[in-house]
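For reference, chains read A, B and C in written order, and residue numbers begin at 1 within each chain.
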Amino acid sequence: MRHLAEAVTISEQKKFALAIVLIEIFCVIIHGCVADYDNDTDLPDNAARYPMWQDINVMIFVGFGFLMTFLRTYQFSAVGYTFVIGAISFQLYPIWEAIWKCAFDLDSPFKIHYNTLTLMTSSFCAGAILITFGGIIGKVSCFQMAVCTFFETIGFTLNERISINMGVADIGGSMVIHTYGAVFGLILAKILIPRSAFCHKKAESNYFSDLTSFIGTIFLYMYWPSFNAGPATPGSQAQNRAYINTMLSLSASCMVAFLISLLTRSEDKKFNMIDIQNATLAGGVAMGTCANMNILPVWAILIGALAGVVSTLGFSKLQSFLESKIGLHDTCGIMNLHCMPGILGGIWGAIAASKASSRGDNAAQLLEVYPKSSLSDWSQSKQGGIQVAFLFITIGIAFGSALFTGFMMKLLGNTPTQLFEDGESYHIPRIRFEDPEEIINKIP
Amino acid sequence: MRHLAEAVTISEQKKFALAIVLIEIFCVIIHGCVADYDNDTDLPDNAARYPMWQDINVMIFVGFGFLMTFLRTYQFSAVGYTFVIGAISFQLYPIWEAIWKCAFDLDSPFKIHYNTLTLMTSSFCAGAILITFGGIIGKVSCFQMAVCTFFETIGFTLNERISINMGVADIGGSMVIHTYGAVFGLILAKILIPRSAFCHKKAESNYFSDLTSFIGTIFLYMYWPSFNAGPATPGSQAQNRAYINTMLSLSASCMVAFLISLLTRSEDKKFNMIDIQNATLAGGVAMGTCANMNILPVWAILIGALAGVVSTLGFSKLQSFLESKIGLHDTCGIMNLHCMPGILGGIWGAIAASKASSRGDNAAQLLEVYPKSSLSDWSQSKQGGIQVAFLFITIGIAFGSALFTGFMMKLLGNTPTQLFEDGESYHIPRIRFEDPEEIINKIP
Amino acid sequence: MRHLAEAVTISEQKKFALAIVLIEIFCVIIHGCVADYDNDTDLPDNAARYPMWQDINVMIFVGFGFLMTFLRTYQFSAVGYTFVIGAISFQLYPIWEAIWKCAFDLDSPFKIHYNTLTLMTSSFCAGAILITFGGIIGKVSCFQMAVCTFFETIGFTLNERISINMGVADIGGSMVIHTYGAVFGLILAKILIPRSAFCHKKAESNYFSDLTSFIGTIFLYMYWPSFNAGPATPGSQAQNRAYINTMLSLSASCMVAFLISLLTRSEDKKFNMIDIQNATLAGGVAMGTCANMNILPVWAILIGALAGVVSTLGFSKLQSFLESKIGLHDTCGIMNLHCMPGILGGIWGAIAASKASSRGDNAAQLLEVYPKSSLSDWSQSKQGGIQVAFLFITIGIAFGSALFTGFMMKLLGNTPTQLFEDGESYHIPRIRFEDPEEIINKIP
């Protein structure tokens, strides 16, 4: 029995190696045929975007990576897989993005033109995949994650292309990134995860891993204004609003997460690090659609506060309910941090869009936020309708592409033998501290 | 007795929850009435300030937060309270800033106009409060910190408004931020801290917590040039000088801190991590007033080196003296890192200002540093006098506002039952390593 | 015997203190005589370089510092010495740079004019020294590192000055930084390191130190595009290419390092954290010379992938071979991460340069990359020859200056009594977890 299990394990690693080889060959061929630098880019704008891309990049690799290190025996995997998934999506995203662009507009040539905006949207794509990863981390093999990354980039770029063609306003991706990634991950969690994962004794933190996880939290918190303002035209008023709204929304969700954590963690009426690590960030997710809109600072605070309430209640109440009643095991709580606040963000975006010009933005300022506002038949209420429609499209595409991806992951790969355990795929150093009980048990 | 203690503890958490609710309602009402985006901001300058604000933001949340994690059983609280205090001050600062502006100039409308400079000065305000926190961390309840945050933002903004009206040059806040925050914290430490805190066995580091604390040190060190150059006009020569002076000053204080640590830690003639974590940064504090002045690079090195000497001697000699003789328990040594170098910085600023134009700055360059230099009766020596006067004003306002705040903290709140212990307010994971002696004690 | 050992230890610390005093006096005198702010700098360019310098600075202090914390009982030293070595080189670099500039052009005045480019090149110099440090960390005393820093800055600036005079294209320093620093460090490792270091039981990681090391990896990875694009003219197409090429190269070396780690770590067919922490970065090193050249994105991917293969094979196979057969103990594997990928980078740079204009760069774009391309007798093939010649010059100067420096380190200093042990020079907190076996051994 044990022998068989090891055979399966080795096999997953070999498949992962093969997947990497195939993906890299695919990327090299496509890049060789169609990729070049963007020689027509507006160079000052391009350079101005660079520091914001770097901030977003920190959110992806440090933020998401370390946030997931709360799993005390899965810290190497959390940062390691974040690293390699991010690297893969940097090469795959521009390819699928270019393919869909061609597919939707057959006159457009199949070309990848690299500039800093390409790097930024590649980071966004990596973000969506890492959100998905948050739902299934510790419960799928490295090979299964590679399969997921390959197919999810296809779905992500399709959905993003539709949003561009529809003229959707979603600057920080409440819908495109958070809702898509989270719905995708929740579907995978539902269809892939074995019962043995539930209440697993290793699916928990220790004092050290809670602190390293907080490194992720704090870098996500700090740089979220760049996430929501990054795609805006550098130096525009819309960009300034995106900074301000996001920061205010985050500060409100941070305060509220501390508050609700204290009130609803019934066991001991103390702050729970799970809430502090995650729900504090809900304001950034919820501001992803309307960050650059003229919504007034007070609404940024209120939206952030409400997202903080919903998210903290999700972590303290909903998560265990879903696990026991629906059979949904969501490792990092992406339902609470990304799905619900993301959908709320989409709804608020629709409401704000339908009242867009009421505060006196001029035509140029409107155009910066709503790419279709220069059309003659554009109206605020129509934009609101587009936003709502796209929210449903996002959920639909996420649903469909996740079902297909989950099927492929099940067909091609195998669930790991040991859940939430680095030793499954990583060489572990001789000295490890995850369980002093091991030492205590040796005491006669 | 134990029951009573627990009752008190719970009560502090409830009071904290109430405080958060009241502060958030207050912030929402004021923001709803008077806050808007700054539609008249110079957008290119506004965008140019953004990356520097982000650097400063990292200093606040990662720098201060992790620097204080050296307390081996108070790491959650160090980063958690830093987080929520920072969030609160982001909403409170703009309110009080706008109120004092109105109060000092009754013709000026009561308006909050958000731009990146607002975010930057909010971060500075959070910095001052976190310096204060450094003096009392581990020894006050979460509710007491909320009370402190509320009142200290009032005093901070008053002092800052006076500095603006007086035309004080204090770009990186040797006086406004470091001296104010540190004097405030030392007063609170003196009047609030019980004898039981002295020589407390948990007020110490372990190997792991010393390393996480160093994460804070190094981010503070790296981004300090942004702290001292942030408010300067983007692209000005004064900004260039602020980068250079701060970096040189820091490199000198870093070298000197290693040197003096070796020479004065009499017990073992080895580097002491307390000095390395803290005194290395004294050059940044001491350069806070004169960073943008035309002082010549060599003076930046000399000022940094002297600040490093003073600060390291403070940690290795003065701190235990203050604790045993004056009864002042200063957890993080804010006397040594912020108070003394801050006052030195204020004095050096006064000296440099009184010799301002001697190196041939033209009128525009002078105006960038000294906002009143365009007035006909302005002179260098007058500016020097203003700087000295404001140093005393800062200490006076810090003294007065801290006495009042300390009184309120004592009246409304209670000292924690367990000092330097996360378990007081945070849910602690089952596995914790703070004391292998616990395991050793179990060995028969 | 034990008494003698302690006497030696103390003596190294005293010599370190003396070295710091002498270096600081030297720096103050030279700065006092010749240093000023660069009043003629192009201020917008200067400000535009600042965020990229900050990224590079993070790579130096967080990246290199934390990467080396994998040594489980040498973490304080890894971050501490990185810190002080960085600080020293910030003051020494501008001095030697100015001296060599004068020496090579006697008409040029001996002046240090500080701007952000000075800070950036100082960071690069610190980078080279820290690469060297990676080869000898844990095996030399603090005083020996100070000696090394002093002499290596001289050799580094000489080599850099030659590269400028020759018109070498080496924007991210595959040759000037990585090859120079690595060859220097390998020579020192060969001539200084005692046999007792080989297979030392403390020259290894634990679970915690592997994770803190990964903090270094990830910050190096994220900010490497700034490292390779930093010296480019802000907003130029060459800068855009440098971002893109570096990011693509890194993502390829990351994927390949995971792949080869799995295939070549024969013992368990699992990912090895040493490869993940280091070889993933080889793409950044290898792109150091040709990052800003018009090489096409697909070549960036291919170069990164090849560098990843070479580097991972270096870690998994070559390193133990060198240790056992050649007697070369290379603590961090600088042969694999810096020397081989750096030399490859130099070679690829030469090849790319010899084909420079073939993709239609205009004269201005060529001049941005090749400073001598405006000369009438310049040709692509000539540039290729210059590049190859300089690669040999770099290795030669590194060889010679390292031999001299190693001789001085041996003459003046002493090998530490305890290798890979913080307790040698740092005060260690009472609680330390490096070896639970100590506890287990106490169990009767």
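Worth pointing out:
In the analysis below, a contact is a pair of C-beta atoms (placed from the backbone, for glycine too) under 8 Å apart; a residue touches a chain by one contact, two chains touch by 3 or more.
Fair warning: this is a prediction, and the values are worked out from it, not measured in the lab.
In a homomeric contact, the two copies may use the same or different surfaces; for chain B and chain C, under half of the interface residue numbers are shared, pointing to different surfaces.
In this entry, chain A maps onto chain C through a rotation of 120 degrees when their C-alpha atoms are superposed, rounded to the nearest 5.
Inter-chain centre distance (chain B to chain C, centres taken as mean C-alpha positions): 34 Å.
For chain A, residues touching at least two other chains, in rising order: 51, 208, 215, 433-434, 436, 439, 443-444. On the side of chain A, the complex with chain B involves touching residues 48, 51-52, 55, 72, 204-208, 210-211, 214-215, 217-219, 221-223, 225-226, 234-237, 239-241, 243-244, 247-248, 250-252, 254-256, 258-259, 262-263, 265, 267-273, 276, 280, 294, 296-298, 301-302, 305, 433-437, 439-440, 443-444.
Taken in their complex, chain B has these residues touching chain A: 10, 13, 16-17, 20-21, 23-24, 27-28, 31-32, 35-39, 41, 43-44, 46-47, 50-51, 54, 57-58, 61-62, 65, 69, 75-76, 79-80, 83-84, 86-88, 90-91, 112, 114-116, 118-119, 208, 212, 215, 425-434, 436, 439, 442-444.
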